[in-house]
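In what comes next, chain A is part of two complexes: it sits with chain B in the first one and with chain C in the second one.
Entry: the complex of A and B
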């Protein structure tokens, strides 16, 4: 017989190697570098999901046009989690095991980010959470998770630092907030952060989402003789509150808020009553003026999309650029090597100098915006 | 071959094929998706008993699914109970909670559906707001993997086999139940409640029992889900989940246990396959649902049965 068993095995092994090796090589050597990006592309938060996608795509496209990453093109694998944690878990597993991405960027909501983080930790894939602000994303001892946005407590603390710097005499605050995890989170964090400076909330008033009349809450604040007002609302209620403050002649008080009232909808609804409001935000074209990277990016963004970028655009764009730099430092698409390279991130982002701290959170400082003549201005530039 | 025997041998072949699948080393993502199918199938089987057998329309099954998931997750993550204890406790807790449904089993049709929907909303709000217990809207983390007799089922293949085994056990138990005295009695209730009562069938008792069994099964499915995905958030247990389970039962085929399994496979797998299509996948999924419903009340199972009919001799 020409083929005995051993020979048959040898030929078989060689044939198998012949077909499998090119496949293996495709995974390791040339070919595109696969990066996962996922978020709510459909559902309630679809607008933010699309922003994430546009931001990430813009950075990847620019890099590909400039010759690619390690000489290879970047291939984005986009996933839709519909804002649901359950789907985020499935998407994460798909990206990790089926699409074999070397890193994943997402998601927008905190629960979806957490559900995905569980999977990426198990499968040992580095993940950069783009917009999930919940503190606990990075406090689980998960060494595979990084975050591109300022976590919620630091966001409020940055606003309190700003108040103390520019308005050191304000100590008695009225705080009005929507009674859900966003509003309650802001309220609790403000009290916590204020302690350091002797700032106290003498009237903490909540309302239910959808309320239209805030007279009771505002009257209580006036009775408590507050020196300033903080409003932790989304833009619909936020605009009504500013209008009613004006009606009650309370709009002379310094007024602060969160990025829940970022323009343009807030400005349209509040009108003139919006003037003077100061709020913390993750990104604003107004505060980007002294950041040359941001100025250049905003111009490029405007010529491509015909509009101004929002904060998720900025976060997605930064997340992709941080990824590109990490892979260049690692000189490999090995997941562990990329994770270790991410730790050494030192990057000039469109939101300021960007590094990761030990937990994986960014060292960015929140921007503060002041509405003047119905336009956003950089509040950090105002005189104390 | 007689129709019942053909069905029985088909069931055996399908079960064997499912059990043997990991031997062919499919991709682990495929195994994960099939595990999710088995979990959904378990929950759908429970609703099949309730809706298909006894004729009670519940759009609140996600409540019991969620209770089972959180019960199992909390017992194992916070109290360190072994999986097997947490698993059965999840079923029992869901069943005990379902006892509050006893007063509403007197309702029928749309009124019953809305009452169960109300219960589902209630449970969702508890899961979302009782932060000290459930972790609130940020969810419950740190749930361990399923383990049996001290062995952690870390390989996707083992987790898959566990889910399939539970689904099969529930399937076979409900099959027996369907052919028992109990099964015939609830079938009578479905066809005509007053006539059944006149024949001495204890209508309210039997209907309540169906609720409790369906809740127990949904609780077991929830437990499997908790240990498979290992992160629970309230938004995964809204009334949408109830609707999903309902879709599984209806497109699979009302009154058919095998249909419930097929329906679960369609609802879980089709949107995943359609991901290649991109933005329009849920649109296409909706269209597919409408087309499937053109098969009539028999759903997919009824359609398949019609296709198989030429192969089985009519009963003498």
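Entry: the complex of A and C
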């Protein structure tokens, strides 16, 4: 691109404004407390971005209605990263400098969360990743990053613990997974976590995203005499796999899955074939019955939005409440003070007792649900 | 025992490929066009069959199949009449007509996304769900019915082409259009018939595929390519070759996934296409003719 004089002046003026504005903004001591919330508000994952926003807003609104935070109202600054890492980097910079937020909550996807985390680390802004599950978000020595969702490996390990507790006799597993980061990550973690219980994968079969015919994979599993099947897929392929398991008379085997099949579209596509499948999930109204905080919240959510909350709603809501408590403990909106207060989090979340470990990951335990009569039920209440 | 199940799965998907390949071969023979919108005719047939099922949930499987066939047949005729024929009449180069078929395919995909949305849609169960026992081996009824429909359709097509007057004229036009026209054949009408039949085959394949898996606005792309590979495998332009090519491609795909690698199922098919074009450009039919 060639710069002519006019364009040069424009860019120069914009750059000057960009560096001077934050100085002016930081000078304000009172007024609203600015909290950034960002995620894919547009694009493929827009539904999840909206869930994040609704969850965060619900918690902030409740606090504002109860007199505000440190006597000041909370002002949310919403950013749209469209699910893209490059956009997330730009949004993070804007939140940190122009909007001058004291903490940022987001994003939904791991790549976008990571890209933002690099910027927030540079700018020294505490960040709570709402839904990004990739392990490396919290393993890079970044002391400004926290996470509100259970990371990949722990998620799989929780499912393996559940299997060992409820089905101690199952040792020979067939594992079918989509051949990308999500599927391979699940597959490797399952083998790793299964070792201590003597659980082994005797048939590990992958497929390409978009495949529809899994005859070959399922036949190989049957030939290997598997005792149970684990499927690490997203809902479209996951639904087809459950239907084809039934076609091949393999649906009597215990079947486990990932949260990739948690969206309601899975039940729609799989139909009756979904019955009996068990999967780990971050949040489900079905598993909330023994958590009074969750029961109350789900009721409030239902009366406000006329529907049941999904797991991103729950994570966004928890992230905002953790933030509120940290700022109350810090008694200040200083970024470093908030970060240190976050480390001392001890909170009853809608997903269970919530603390951060040394890396910044939550100490939650994954929920496990089982589809019975086309509905999620709490699988942890099953008899072994 | 597992062999029987694998075989049934491979033959059923092979029948779907055969029907798509037949459409490619018929259009290729009659007009020399490689009709890249063939996969989209399949998708639209699948969607139409599904929409009829939404309106009339009790409809038997055969009727759904016919609805899908009729819808795709009409669409194919519309494509020929409104786009390809005017292009040919203007003596546009063949390459440009083929490019127009790609355009047609993109148009269909986008129209389908608007009409049916971008999420995969489930077909209701068309067939009984409890397994049939054939010689003591349990086989899914869906697979059995799809094979049966496929074989019957291909049989009917052969009867039509070999035993009826219109069928014979179509064959004559495909072999030498000018001579056939001199003998009194109506070229325009025969072309329309060709597209109608090619569309109907694709529509049937769409309903079959949908009932096995699901309907999806982008489903036509890969299926179209696979049908094209099957037609090439058989020897482009040969009807018997297309049918054989489809079944063979289904077998190769399924068994290579079992014995080579399931992760590279589609890649193996595409490698096969390149290998055929390199070493056996006239396909199975060429091989057979060379021996004979």
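Definition applied: the second predicted complex is superposed on the first by the 354 of 384 C-alpha atoms of A that agree within 3 Å, B and C clash if a C-alpha of one lies under 4 Å from a C-alpha of the other, contacts with A are read in each partner's own complex, and residues count from 1 in each chain.
Going forward, a contact is a pair of C-beta atoms (placed from the backbone, for glycine too) under 8 Å apart; a residue touches a chain by one contact, two chains touch by 3 or more.
Since we're looking at a predicted model, the values are computed, not measured.
Asks: Based on the shared chain A superposition, would you classify chain B and chain C as clashing or fitting together?
Replies: fit
Asks: Pick one for A:216: touches chain B only (first), chain C only (second), both, or neither.
Replies: Second partner only.
Asks: May I ask you to decide whether A:310 touches chain B, chain C, both, or neither, giving the answer as first, second, both or neither?
Replies: Once the two structures are laid over each other on A, A:310 reaches no partner at all.
Asks: Of the two partner chains, chain B (first) and chain C (second), which one does A:136 touch, if any: first, second, both, or neither?
Replies: first
Asks: Contacts for A:271 in the overlay, against chain B (first) and chain C (second): which applies, first, second, both or neither?
Replies: second
Asks: Tell me the contact category for A:207 with respect to chain B and chain C: first, second, both or neither.
Replies: second
Asks: Taking the superposition as given, tell me the minimum C-alpha spacing from chain B to chain C, whole angstrom.
Replies: For chain B and chain C in the superposition, the minimum C-alpha gap reads 12 Å.
Asks: Do chain B and chain C land on any of the same chain A residues, and which?
Replies: Comparing the two interfaces on chain A, one with chain B and one with chain C, no residues are shared.
Asks: Over in the complex, which chain A residues touch chain C? Could you list them?
Replies: 179, 205-208, 210-213, 215-217, 219-220, 222-223, 236, 239-240, 246-249, 265, 268-269, 271
Asks: Tell me, which parts of chain B touch chain A in their complex?
Replies: Residues 27-29, 32-33, 36, 136-139, 141-142, 229-233, 235-236, 272, 275, 279, 281-282.
Asks: For a test of understanding, state which residues of chain C touch chain A in their complex under the given definition.
Replies: My answer: residues 2, 5-6, 9-10, 13, 119-120, 122, 125, 129, 131, 138, 140, 142-143, 212-214, 222, 254-255, 257-258, 262-266.
Asks: Please give the residue numbers of chain A that touch chain B in the complex, ascending.
Replies: Touch residues, chain A against chain B: 41-42, 79-80, 83-86, 89-90, 93-94, 97-98, 110-111, 114-115, 118, 122, 134, 136, 140, 181.
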